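Below are structures written as structure tokens.
One chain, chain A, appears in both complexes that follow, with chain B as partner in the first and chain C in the second.
Showing the complex of A and B:
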């Protein structure tokens, strides 16, 4: 088991009080697992990704633990996390543009990054070239400035760079959302290739695009309002979701081939609840067509089938 | 209703404006009343530039853009432009930057009233606003008298459409209007476009997302490097893509019913027939189209 997150609670401090962005998140990530993390904006998916690598100034670790390869991650201690970052936990941000220093050539920037993490660049130079080639980049990109590369090339450079030290956990936060469809496909396929070759042990792929998750992820975790709604294998989530939220989210997805003349899809009415003062009981209650009295109590995340966990009272129905 | 013929747009690029970039190359297209036309393309395909030219925000360098028979680029003077915007309106990608955050969101309605309908009485205007807000399926109690930050992206986007509906609008240019919205609210805005179409509005729907274009539109135009690669009835374009570029794009779209590997295997097992594409000489910036089946055109191959 690469990653084990127990009852993780992270709040944002604001002038009006604490925003309960992550409110008791509990999951595990197996070796070699690519987990898609999906949900609407404001559901806590980015907060979860950030919590595993670096809490920013407004975020406060309220409770829960994170274990990586059997060792506890000191996520609340910014300084104690330093040895883990890049070596063991790494991140691909959404905009590769803002992850690259515009005043440095790519090669020099990678060298500086490695030195700052206590690694001699010479030691990984051959590996770096090999991996660039693997994602379809010529080694001469190392002598170029970021501005000379296209969006897809930059994203691939960032991908190679962030996985150079073979981290156990890679967090890809909307890593392909800003790319064109055809570039998106090749970047996603390279990411899966990195996992297959063991460059990264496991991956959390944060996205709002469930059809993209279907192409690459082994499991999918759907979050709603700071809690986990459902986690299961990708096939189960797509073909037999149990949580009403997951069902409605998938039902609202237009696909190549669906047109308004055949069927008219429907969105989910309402908006997610504010997390400054989250509602009691099931948080999806106000938008859920199945909601009844028992939903006033918080549903536990229960295992309904091996590897399939759902937080809903209505899964038996 | 809207007719573009041989439209070109060339931008000056580079540090001193010495370079030239042909952002739109010889584009011909039409939008009829009651029709949604999708302009689909990747970044740099010229799709937004076409939208901007139709809205009169930038001028075409060659060719003509006709709206109900009148040349858009020949509209001169404040009064004539104002009259044009009475019938043609745009909605853009980021709803949050379309509103001034220090004013309440419904100020956009008030501004329409002061510039276009100064003589309408308060009660009558209130009626019209409520009607427009109802048409975009919003509950007036939830959205009126609120600041932009109190509303969701989907609500703001629908308010902007309601604002356009207060005018005597005939053509709506929707440039990536749902790219920033969540999956759960996206579909409501798309369904709204279909409602508008049924009321006889023409919609030019600019998007990079093939599945969204497929869902709402009657006709699809696929653009590549400024030129039309393929154009035709949506169903035909998606079921029987003819241009190699459209085929490639469609094979890259993430789908729920099959994986990329399955799509590739299928294509390898049943290779689509080769189509003779039109060609142009070096240095010729025209982009001819060939009609392969009724109303279904393919354009040049730009490698």
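Showing the complex of A and C:
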């Protein structure tokens, strides 16, 4: 088991009070697993990704633990996390287009980063070139400035750079959202290739877009309002989802495999609850067609089949 | 790169020509006879001298020749380094007078600009680093930039000059001394220089420090900083990047500010009666000395253009983005 997250709670401190962005998140990631992380905007995907590598100044670890390869990550302790970052946990950020220092040549920036992390750039230079070629970049991008690269090229540079030290866990946050469809596909393929070659052991692939996930992910985890709604193999999620929210999410998708946008996201009526003061019971209650009395109590995340966990009272139905 | 420099040179060249032309036009298109009005108000008592001066200026203005000839004669004189003869200090050539005053202005301006820029940027970068410093540097910076220059200059003159008695508050050097390459004269020069310098330095300092602090904080929040932090890069590396990137707008800022800084220098010289170009402008205005005024104006224009040109080139050298844009990037 690469990653084990137990009852993780992370809040944002704001002037109006704590935003309960992660409120008891519980999941595991097997070795070699690529997990798609889906859910509407604001459900806590980025927060979860950041919690596993670096909490920003406003985030507070309120409870729960994270284990990586059997070792507990000191996620609340910024200093103690440093040795894990990049070497063991790495990130392709949501803003990969602007993740490179605009005034440094790419090669030099990578060298400086490596040296600051105690890695001799010489030792990985050949590997760096090989991987750039693997994602379809000429090694001479190293001599260029970020402004000289297209968006897709920058994305791929960040991809190679982030995984250069072969981390156990890679968090790819909306790694493809800013790209056109064909570039998206090649980035996704490269990421799967990285996993197959063992450059990264396992991966959390955050996305809005379930149709993209099914091309690459082994499993899918659906979040809703700071909690997990359902986690299962990609196939199960697409073909036999159990949670009403997942079903509506899938239903709101175009036919899997087509890319026409006219049937796209009529959306689910209503909006997710605010996380400043989340409602008691099932958080999906206000929008759920199946809601009833018992949904006033919080549904536990239960295993309904091997590897398939759902947080809903009505999963038996 | 060369095309860029060439284009810039072209723009500055045109600016220069326009400035010279306006300069040439002003006395000529003013109502009345420029020579008579100039000399009558210049209070020359000796009638014979007045005669000679009238003859001289009539010839220089060449009012009886066609306009375009007057114009070309003006340019020809310019290229010979001949800006005419001063009315106020007749018959001393304008160029000589200006050259005598330029070192004072430059000696004041250059150190004040460069030191305030360097130290202000350092202070700002420092302030961005620590809360304590931020809470002191920032308010002081705001107070300094908000204070009217006159007020600050007078305060300094009063505190360090009149009350403290550490520095003289007027003049470029003591009248009792004649300029010479001696240690005594040099220290006298420096002590006169100090207060006007300090006032300019202090006023500019706050603005640079605040600008730098805000820029650094902005850069430290930038995506590349966050990414590097997530990958565990040490603060040192991230700060180094942020500092360098924050410097770039400050360089542009310097170019933009140059004009106002020079105006500030004129004010400083008037307040401290410092014998640079500013005082000279005041004198030539009081004495209706068109030629001197014209000459100073040209000097200032050329100075500003050269300084801007240098900053343009420096900017291109330090910011790869402009460089890439010029040579045509890949994407």
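Note that in this section the second predicted complex is superposed on the first by the 305 of 317 C-alpha atoms of A that agree within 3 Å, B and C clash if a C-alpha of one lies under 4 Å from a C-alpha of the other, contacts with A are read in each partner's own complex, and residues count from 1 in each chain.
By our rule, a contact is a pair of C-beta atoms (placed from the backbone, for glycine too) under 8 Å apart; a residue touches a chain by one contact, two chains touch by 3 or more.
Note that the structure is predicted; figures quoted are calculated from it, not measured.
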Partner chain(s) touched by A:249 [first = chain B, second = chain C, both, neither]: first
Partner chain(s) touched by A:83 [first = chain B, second = chain C, both, neither]: second
Which superposed partner A:267 touches (first chain B, second chain C, both, neither): first
Chain B versus chain C as contact partner of A:14, first or second or both or neither: neither
First, second, both or neither for A:210, with chain B first and chain C second: first
Residues on chain A engaged by chain C in the complex (per definition of touch): 50, 53-54, 56, 81-87, 90-91, 93, 95, 98-105, 112-113, 116-117, 144-145, 147-150, 153, 158, 162
Contact set on chain C toward chain A in their complex: 222-224, 226-234, 236-237, 241, 244-245, 248, 319-321, 324-325, 329-331
Touching residues on chain A, where the partner in the complex is chain B: 40-41, 151, 180-182, 184-185, 189, 208-212, 214-215, 238, 248-250, 252-260, 264-268, 271
Contacting residues of chain B [partner chain A, same complex]: 42-43, 152, 182-188, 190-191, 194, 208, 210-212, 214-216, 234-235, 238, 248-250, 252-257, 259-260
